[in-house]
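Across the two complexes that follow, chain A remains constant while its partner is chain B and subsequently chain C.
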Partner chain A sequence: MERYYKKWFYLLVLPAVLLFVFVIGLPFVIGTIYSFTSWRGTYFAGGTLSESFVGLENYIQAFSDEQFIHSMIYTTAYTLVAVVAINIVALSFALMLGRIKRGVGLYRTVFFLPNMLGGLAMGFIWQFIFQVVYTDLLFSPDGLFHVEFLRFMTQDTTKALFALVIMTVWQSAGYMMLIYISGLNSIPGELYEAAEIDGAGPIRKFFTVTLPLLMPSITIVLFLTLANSFKLLDQNIALTNGDFNTRLMALQILRTIQDKTPPNYGVAQAQAVVFFVIVAVISLFQVSLTRRKEVEY
Partner chain B sequence: MNHNFRRFAALLMISMIAVFAVACTAQDGDLNNAQNQTLYLFNSKGENAEAFKKMCEDFTKETGIPTSAFSVGAGQDAQEPLRTQMNSVNPPAIFSLQGLKELPEWKESGRIVDLSSVENEEMRKLADAIPESMRLSDDGKSNYGIPFNVEGYGYMVDQRMIADLFSGEQQEAVIEGLKQASYEEFIAFCDAVTQYIETPAAKTIEINGKPYTFTAQKTERTKKLNGVFAFAGSEKWTYGDHLINVALNTVFLDARSAQNATEAQLESLRQPLVAYAKALDYVSSHAGGIKGSAKRGNDLINAANFGYDQSVQSFADGNALFLQQGNWAYANIEKVSKDVAENAVFLPIKLPITDAMIKTGKTAKEMNSSIPVYVPNYYVINAKAPKEAQENAIRFLLWMQKPENVQKYVIEAFHSVPYMADEGMKLDDSLSVSIMEYLEEGKTLSAPYHGAPNIWSSEVVGKELMEKYLTKSEWTEDDYHSIADFAITRWKNMR
Partner chain C sequence: MKGSVFFRKRVVRAILYIGLTALALYTLMPLLFLLLNSFKGQAEIIRNPLAPPQNFTLEYLIRAYQEIHFPKALGYTVLITLFSLAFIVLFSSLCGWAITRHKSRASTVIYLVFVAAMLIPFQAVMYPLMNLMDRVGLKNIPGLIVMYTGFGLSLSIFLYSGFFKSVPRAIEEAGFIDGANIFQTFFLLVFPLVKSTTVTVLILNGMWIWNDYLLPYLTLGTSESRTLVLELFYAKMTAGQFGNPWELIFPAVLISVLPMVIVFLCLQKYFVKGVSEGAIKS
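Our next item is the complex of A and B:
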């Protein structure tokens, strides 16, 4: 079998390579080239591709756009909070499910289910929850507890950031929990027994046994949550539509096209390239950092 | 087993590559065969996708020219799909544009045919016959599109509600009076209705100089009223695009003059925009709703309570007397209450403007008794389509504008008001009929907001109003001026 794979290796990987090249590679290269031109979506302003090169003008325009800078800062803030929150909740769920004996499958399914919903549908559901359930029913002066911070959460830049975090934690925690569960299951029981004999309590065991041996799962979950948080779009559109200064970067790129007529796809493309570089650098840095923390046993 | 698996894998590989290759080449093949025959059409109104397709099929049956129609999804933005279609191997020969705002893009790309200079004489005649105020033109000479229809908006009112508030026989006179009334009289009427909702009494009020007396007792219908206006606070376009458009009409005759606005014209918008802010202040503080009368504040911009659907429902359920909307909302109102839809007519949106503020030659009385009626969509011909396809496109547009086809498709199938309705045509809903009445009387305003900088009206001014003002319970004189100042400054910056 191994000989077979070796012999036919190139042919077997060809479909995947072709798909990657045509669906991801080529559009990416074309997009990067277009970010240096006056591309308007269906034509180049000023003539042909070569005649429409504008150098770094699109990048300069992108960085001198206050909204773009604000969306970068806002996205970073959201990502920081969301990554921490999702990881804490997902790991807590995984640890809790490791403790219980009955109904594990049911809980796993229930926690995983929100992940099946599309971003837009979820955004609209949570819009209703924040605007009606939180605002009128639960946290209003006549509600269960009066918590003003939790009312009108979509109408304030800071509150909306937490609203987005609450929604994405609800969506992603179940999925990330499954990765943590499989990581936890792969930790040999004897290591815990040995730690117990050495007199380690639950907290000590968590930090000296569980956490170091869970690093491969943490690498994956951190990577996924970082990338997903930076790329968040649908939920942003449905929940706040960018009102009250709540445009994340993906939505900012989308709106750049609509802000002017004829649409300036060149600037939007430059923003997309900057966006790609940021996500790529942070993700690569994170992966190499957490990889180094992984231990072998 | 190993041998069979190997064979299977090799076969699978070959078939996948073959399918990939065939898929790529087949498209090119189709292009060569079809380009000279099929007329590709792009329709930006997803709501009439089925009817549009049927119309194209009927055209094919009659002329033998094959058609292929692409419609966007209902309510979906059409600009992105249109660009995708233009980049495809079969770009449309006919596509639709939403007015002057979208013209620069397609003009710059060289994809738009000036209908006033086509060889086909019949087409030139059809284009010349379009009333000047309805032409898609950025210089007054060119003529780029055939209007799809006209749309109008104002304050909708259920005539039966007026009949119940006053005595039945006064219904027509009250509605006529409200159409003619000044802003001050209209506000006095709204105040009286607000008072009547709280404590009904046979009070007499004056509308357009004539006295009318409220019925002493509420009826089943008027008992439901809890506010004067159904207000969609979360929909920036209702006060950003449509309400502000009425104020823009004081300075600009049409979208083209707004597009070429001078510094002086923008400065002369200041007082009309202050008037606009005052009117919005009044409307947003006299709103009814599905949960009871509404106060201005954070709740008024919650989409779950004051979105488009909720405002339509609030009007159709009889919670509010007026709804500022256009005839496009007829189908939505009909879904909630067929009776309300059938009895709805338009009243003009009124602003506290004076003759001195108006630079277009109209008077404040004329403006306050007119409703905006304009062309929302044009059919245009793709100048980069093959010659034969362009000729087919011309044939299609000529065929579509035959009076019998206008009646059959534009009126009956699309439920729209044609841009050139003649006496023989029969409109099929109350709001369309109401628009026709204003058109016949010449009491119409235009849509200069289409000529304002892109996203200025809704996403800039509308957003500012939603985020900073509709959440505030009281507005001051300073607020009115700040709103006007913000709107003018941003227009200047965005040009």
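Our next item is the complex of A and C:
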């Protein structure tokens, strides 16, 4: 048997490995090398590749670029707010659905539906909602309630961050809810009964039984929401297109090459490498942190 | 005493249903706007965004249909999504199977590299990748399929190899003894057993490939062949220079999301299963 698998092993993994090397491996290595050169997209400013090494020049430029620094801060702020908001809403959905019997499927479908529709397409609709419905109807001085903060949300750096949060909570809470639901379903009922016999109320039960046993799901949801928030692009383009200083990092990397002529791909690539390092470090750090908090039963 | 507990439970349940219904309506609200405003002219949309259309007309829908070259764009999107998914399932299931069945240094390294690659954001590779694709003449639809397959592999191999570990080898051994070759063994005996993972792989990859904007934008750009999302983007960007043409955007968004809504409503059971299981396995 072993020999049989061994004989065919390389043939079976070959297509996947080749594609991976071609699409991710090679570009990743090339990209990292190019981030130390004066790459201009189709040529090198210094002549050949070996003549174009500029050391840390691109990284220094990236970190002294106000727009890039701003996009890092902006992305971090957005991620913090969005991760907390999405998690609270998703967990509330899951807990509420866990306590009813009839209609669970219908509510679940409705909450999940926005996730199916593209970030760009729905971003255009939300842009309309923020620009017309929020601004002129609901929250205008002669609207339902006058809330100035909720008006012209796509035309202000801080407000646009919350506009993005409102939209992404709407779009991804249903997805994360599904993960929380399957986490809640895997908690054995006897544990709740035991807690009840010991005299624990609903709040006590939530903190001593539900939350600790939900840690694996929380790990996954945190991982997904952190990564998704950091990499968010479509909604950013659709809502503000980065105007009014609202570029997240993904959009900044895309626009760096359009900001200057000739486009400086070397700097954009250096930003992309920084972006990779941040995403990787945060993801690994978060996973190891929450893994430690998981309990066994 | 017993009566009051019973009463309290009913009150709690009523509050839950009211809360959930309110949240469901809030969730559906943007889609309701989308529907209502797809049949109105610009002035009416701005004046009365929440009201139903005064005169029901398909005029705007038809214009949007032509403007975004709907049949063609839909065809490309379907083509790209289906081919990418087929290749992802084929290559990642074979690879996942091979690395769980044959334990060696090579298989461990391959597995770890695929898992680690999940941390690489697309932005980190996109510029060199586009350069590479351009050089080999793949900055086109077949190239998109190649790239989506490449990007879909990591997660899929991870999911498949997790599941293959729990599939007993006895069935495969019986197959070999009966003289089946490696492909017969895999496709006839093993592959049907991992159907639930295949569903997860299809759903998770299908959702992002269908709705993806950046990769088609970089690859196809302003060329003739565009995906639905890309058509939508250009419809908004080109007309948007003179203010937002909502009378075009609403119907265009409506028809471009409709196919996905239909697919979702028909297969929602699988979507729910796919997402939940995908999360548990990772």
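Following the convention adopted for this analysis, the second predicted complex is superposed on the first by the 278 of 297 C-alpha atoms of A that agree within 3 Å, B and C clash if a C-alpha of one lies under 4 Å from a C-alpha of the other, contacts with A are read in each partner's own complex, and residues count from 1 in each chain.
Everything below uses one rule, namely that a residue touches a chain if its C-beta (ideal position, glycine included) is under 8 Å from a C-beta of that chain, and two chains touch if they have at least 3 such contacts.
Given the structure is predicted, the values throughout are model-derived calculations rather than measurements.
Applying the stated contact rule after C-alpha superposition, one finds that A:43 touches chain B and leaves chain C untouched.
In the superposition on chain A, A:217 contacts chain C only, with no contact to chain B. In the superposed model, more residues of chain A are touched by C than by the other of chain B and chain C. Legend: residue contacts after superposition of the two complexes on their common chain; A:81 is shown touching neither chain B nor chain C. Of the two partner chains placed by the overlay, chain B and chain C both lie in contact with A:15. Of the two partner chains placed by the overlay, neither chain B nor chain C lies in contact with A:287. Once the two complexes are overlaid on the shared chain, A:30 sits against chain C while remaining clear of chain B. Legend: residue contacts after superposition of the two complexes on their common chain; A:132 is shown touching both chain B and chain C. In the superposition on chain A, A:1 makes contact with both chain B and chain C.
In the superposition on chain A, A:261 contacts chain B only, with no contact to chain C. Shared interface residues of chain A (contacting chain B in one complex, chain C in the other): 1, 4, 8, 12, 15, 41-42, 127-128, 131-132, 257.
The touching residues of chain A, when paired with chain B in their complex, are 1, 4, 8, 11-12, 14-15, 18, 40-43, 45, 127-128, 131-132, 135, 151-152, 154-155, 243-244, 257-263. Of all residues in chain B, only 2, 6, 9-10, 13, 16-17, 20, 79-80, 83, 86-87, 101-102, 104-105, 108-111, 298-299, 301-305, 454-455, 459, 463, 466-467, 471 touch chain A in the complex they form.
Residues of chain A that touch chain C in their complex: 1-2, 4-6, 8-9, 12-13, 15-17, 19-20, 22-28, 30-31, 34, 41-42, 93, 96-97, 99-100, 103, 107-122, 124-129, 131-133, 137, 170, 174-175, 178-179, 181-182, 217, 220-221, 224, 230-231, 233-234, 237, 249-250, 253-254, 257, 265, 268-269, 272-273, 275-276, 279-280, 283-284. For chain C in complex with chain A, the residues that touch the partner chain are 12-13, 16-17, 19-20, 23-24, 27-28, 30-31, 33-34, 37, 45-46, 49-50, 90-92, 94-95, 97-99, 101-102, 104, 106-107, 110, 113-114, 117, 119-129, 131-132, 146-147, 149-151, 153-154, 157, 169, 172-173, 176, 182, 207, 210-211, 213-214, 229, 232-233, 236, 244, 246, 249-250, 253, 256-257, 260-261, 264-265, 268, 271-272, 275-277, 279-280, 282.
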